[in-house]
Amino acid sequence: MSTTPLLPLADAVAAHVHDGDTVALEGFTHLIPHAAGHEIIRQSRRDLTLVRMTPDVVYDQLIGVGCAARLVFSWGGNPGVGSLHRFRDAVEHGWPRPLAIEEHSHAGMAARYVAGASGLPFGMLRGYLGTDLVDHTPSIRTVTCPFTGEELAAVPALRPDVTIIHAQQADRSGNVQLWGIAGVQKEAVLAAERAIVTVEEVVDELTPRPDAVVLPSWVVSAVSVVPDGAHPSYAAGYSERDNDFYSAWDPIARDRAAFTSWIDRHVRGTSDHAGLLAALRTEEALADA
Amino acid sequence: MPDDTVPDNTVPADTVTTDWTADEMMSVAAARLLHDGTVCFVGIGKPSTAANLARRTHAPGVVLIYESGCIGAKPTRLPLSIGDGELATTADSLVSVPEIFRYWLQAGRVDVGFLGAAQLDRYGNINSTVIGDYDSPAVRLPGAGGAPEIAASARDVIVILAHSTRAFVERCDFVTSTGGRVRVVITDLGVLEMGESGELELASVHPGTTVDDVRAATGWDLRVRPPVDQTVPPTAAELAALRDLVAA
Amino acid sequence: MSTTPLLPLADAVAAHVHDGDTVALEGFTHLIPHAAGHEIIRQSRRDLTLVRMTPDVVYDQLIGVGCAARLVFSWGGNPGVGSLHRFRDAVEHGWPRPLAIEEHSHAGMAARYVAGASGLPFGMLRGYLGTDLVDHTPSIRTVTCPFTGEELAAVPALRPDVTIIHAQQADRSGNVQLWGIAGVQKEAVLAAERAIVTVEEVVDELTPRPDAVVLPSWVVSAVSVVPDGAHPSYAAGYSERDNDFYSAWDPIARDRAAFTSWIDRHVRGTSDHAGLLAALRTEEALADA
Amino acid sequence: MPDDTVPDNTVPADTVTTDWTADEMMSVAAARLLHDGTVCFVGIGKPSTAANLARRTHAPGVVLIYESGCIGAKPTRLPLSIGDGELATTADSLVSVPEIFRYWLQAGRVDVGFLGAAQLDRYGNINSTVIGDYDSPAVRLPGAGGAPEIAASARDVIVILAHSTRAFVERCDFVTSTGGRVRVVITDLGVLEMGESGELELASVHPGTTVDDVRAATGWDLRVRPPVDQTVPPTAAELAALRDLVAA
């Protein structure tokens, strides 16, 4: 029986995320693999091309510590809060290093992942027409319908070296099940050369559920058990979104020193996600006291 | 402009109120544009507030689509993010993000798409990408998200944006999405509608606002469509529903 | 609230299926809308273009009575049994009338439905290369990737005038839920101008289920309650596939007179699907006696 | 040819049997080509029998994909149709038909694709479309189904087809799919493998069959790869598992 290795997250990141890789940590508000992002920071990966439709706080962190040389994205913000200040600082002032950007629309990014998952060299859509994105993003071209003559936007397939997602469950063979808002995660996994999945728990058997995506073990390179591994994002059925954290991130990220100190304490100063969550809980308790 | 996005000024005047904020006026004015059966592509913030207000008041059958894949979501409180669990659990159908853009938006199944922006020009083009030069921006904004395809594929586009000369500009620093399907712009001062000429025109001012106020807050020589109506202020029922929704 | 009309099947077919229409009755072994096909025969529709990936017995019947002028398809057989003899007779001998064919592969047909559901003018795939289909099917063309230069197959979007499917349940507003093997039905409905859905039953509320496809009422033109409306195909949770019927169809369809007599008795001689099922049960009882 | 589709002739000879049919020999020979972890795209009939036999004997971890969208199906009895309920209920994952062709087959995730045919030529091209002229055929066959893309996208293609000069032809009346990835052809008389030259060669004959028998049933001058092995006949365990499966 082909089984996917069940590895500690540190080992999975060490094995599958390399300097210079193109890395997609996908998640659409729900199921964002924050813990994996933190582990990439702990292991000081460099020169990554980060890919994601909706880079949010974890990408702000990866960019802020200088892991990324390049960002491929369609919307970079702190949802419901505002800007990503580390992302802005990198683009506006090159701190801590310049960040090249390749910018698409959501529909374009989705088409690129679909093309990657489908083994096609490009995806097409009715999009981008009349926008200035066309002038600034060389990976937007056109293709002509051979039947109607209509000109459509063409975008190249995304094929990350490694995609990382968070899911609710895996079974002991490494089959993965996630449910609820599934975003573009299936496509991101299938488009990638390798895939790491962090899960809330391992179960003996995956019970079929409504609105579930099941990834067979043989398309997953490693599974790591990381309870609450999406925090401050959430996993339906396991946790709630920590909206306060997203709000609290704004002032931290506005200031380079505050940001670095936060990372040093919570990420570099902890050995794993359980340690990070414990540090956050201690602070909360102190603040409430 | 299709009839069902014409601002509805037939709200009974005897129930109007005066203790409302400009923010509330914007949400109410936007909600009035939606009707039973209108399929709306909704973002977080004002569009979501407006669409849920419509659903709680005159248009219980309005259909809310969130780009996170939730079709027919019926949240009991305003979602804080586009991926809130309640959007998924109350949806008629939950689909992937690629599907929502291809089978639902691109295929032309959306009647009304809402957009916000940092900048808007007279043609309805919007900028949510950068202030300043793209390669060395003064302010790097979040970027396009779903805007280019909402602007291209929704039958009608409604922009919600507070009035200021920084936002209502002669020329957008960057065209994130085009104005071809923009029908209405709702601001904290009034309501602009797309004119025959393809240029936005002032159609109504909110109570307490003058045409001159609006023109002064607009960075181009704003056309005015006479007679400029006064927007019907929020009714007591609208306000109550809105405040309930926000407090929930 | 927008609701979809709940109509008797005869009324739904009368309202939405017209002579000359392009009609897709989709179903992939599971959930084939046989009852709707029979109703089209009862109403003597003519000059239809029939579309389906896997035309089977119900298309054999529609072709055999002369409803169809044209067939767009990728595999036409009696699964596990053999040929469709009425289809063969129409193609080989023009009986009861000539049948034009437009022939694709499964992957090509699926890409065509996806393009239709997506509002795109064409779909593309890595397919057809080196096959003689290219020479006989003008709707297979090529498109060149603007990034890699690779040549891919291009096929035009399918946009049926009406798609008909069978599902397990609808609610009182006309929202539809089907589960189990879902084939290409979602795409076929979303690609069509109009859609009729026959269902096993109407329920007060649709309970979310694993592996379900939910179609909101506003993409469905009419819902008709037709218990066992897929027979001899099946509806998971409601019925089993009648494998004996598929076997029994072979000798009936081999002979023009036997076929016509079967249609006259079971389809034209009954007023609805309940009548047809009753006639079949009576025969079975007699055969067993 | 990748190692894991080389016919496995290492089955212990002491357990071989003699009371088997040619049909059983074909299923057993095909099953032996599959291994734990091999991802097979399976049709109904012999391919399904072979893949399920492998799963019940030496390769419990073989992955069966049916084009109806069932990934990792583990049926307890042989399905009569590609859409049997049990394929869905035992699958690891159930997906749509467009997805199975795009994300799974076209993307190159299938190791072994099985094809049947009405005609096969020496290059592995097959015909399942028409006998005779396309526009006025002598026999209209069911058509391509998934064959063109299985033949183009599976890493290795195995054809299962009973030997006769009507089936093994000099030239296919219609090329439904091409032979570029055909590695093995399993017949009721023997096993052909694709040679370096791109032409099928006789690699083994089933017990009781001679090379001349095979050549006589082949409509072209069949190359023979010396030494031609004798196919190891079904073992008692293989036969028992196969008969169990068929009877279930």
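The letters A, B, C and D name the chains in turn, as written, and every chain counts its residues from 1.
In the analysis below, contacts are C-beta pairs under 8 Å (C-beta built on N, C-alpha and C of every residue); 3 or more make two chains touch, one makes a residue touch a chain.
Note that the structure is predicted; figures quoted are calculated from it, not measured.
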Fill in the blank from the handout: Under the touch definition above, the chains in contact with both chain A and chain D are C
Completion exercise
chain A and chain B share contacts with C
Completion exercise
A student comparing C-D to B-C should find more C-beta pairs in contact for C-D
Handout entry: Between chain D and chain C, distance of the C-alpha-averaged centres to the nearest whole Å
Key = 29
Exercise for the section: Measure off the straight-line distance from the CA centroid of chain A to the CA centroid of chain C, and report it in whole Å. Expected result: 41
Fill in the blank from the handout: Between the Cα centroids of chain B and chain D the separation in whole angstrom comes to 58
Practice task
Return the residues of chain B touching two or more other chains; collapse runs of consecutive numbers into ranges.
Solution key: 102, 106, 153
Exercise for the section: Provide the list of chain A residues touching at least two other chains, using ranges where the numbers run on. Expected result: 119-120, 125-126, 186-187, 211
Problem - List of chain C residues in touch with chain B within their complex - result: 1-2, 117-120, 175, 186-187, 190, 214-216, 218-219
Practice task
Please give the residue numbers of chain C that touch chain A in the complex, ascending.
Solution key: 119-122, 124-126, 139, 141-148, 150, 152, 154, 156, 208-212
Exercise for the section: Using the touch definition up top, name the residues of chain D that touch chain A in the complex. Expected result: 36-37, 39, 60-61, 63, 71-72, 92-93, 102-103, 106-109, 153
Exercise for the section: Please give the residue numbers of chain B that touch chain A in the complex, ascending. Expected result: 44-45, 67-70, 80-85, 87-88, 94, 96-98, 101-102, 105-106, 129, 134, 136-149, 152-153, 174-178, 180
Handout entry: Footprint of chain D on chain C - complex, ascending
Key = 28-30, 53-54, 73-77, 79-80, 83-84, 87-88, 91-92, 103-108, 110-111, 113-114, 125-133, 136, 180-184, 186-187, 211, 234, 236, 240-241, 243
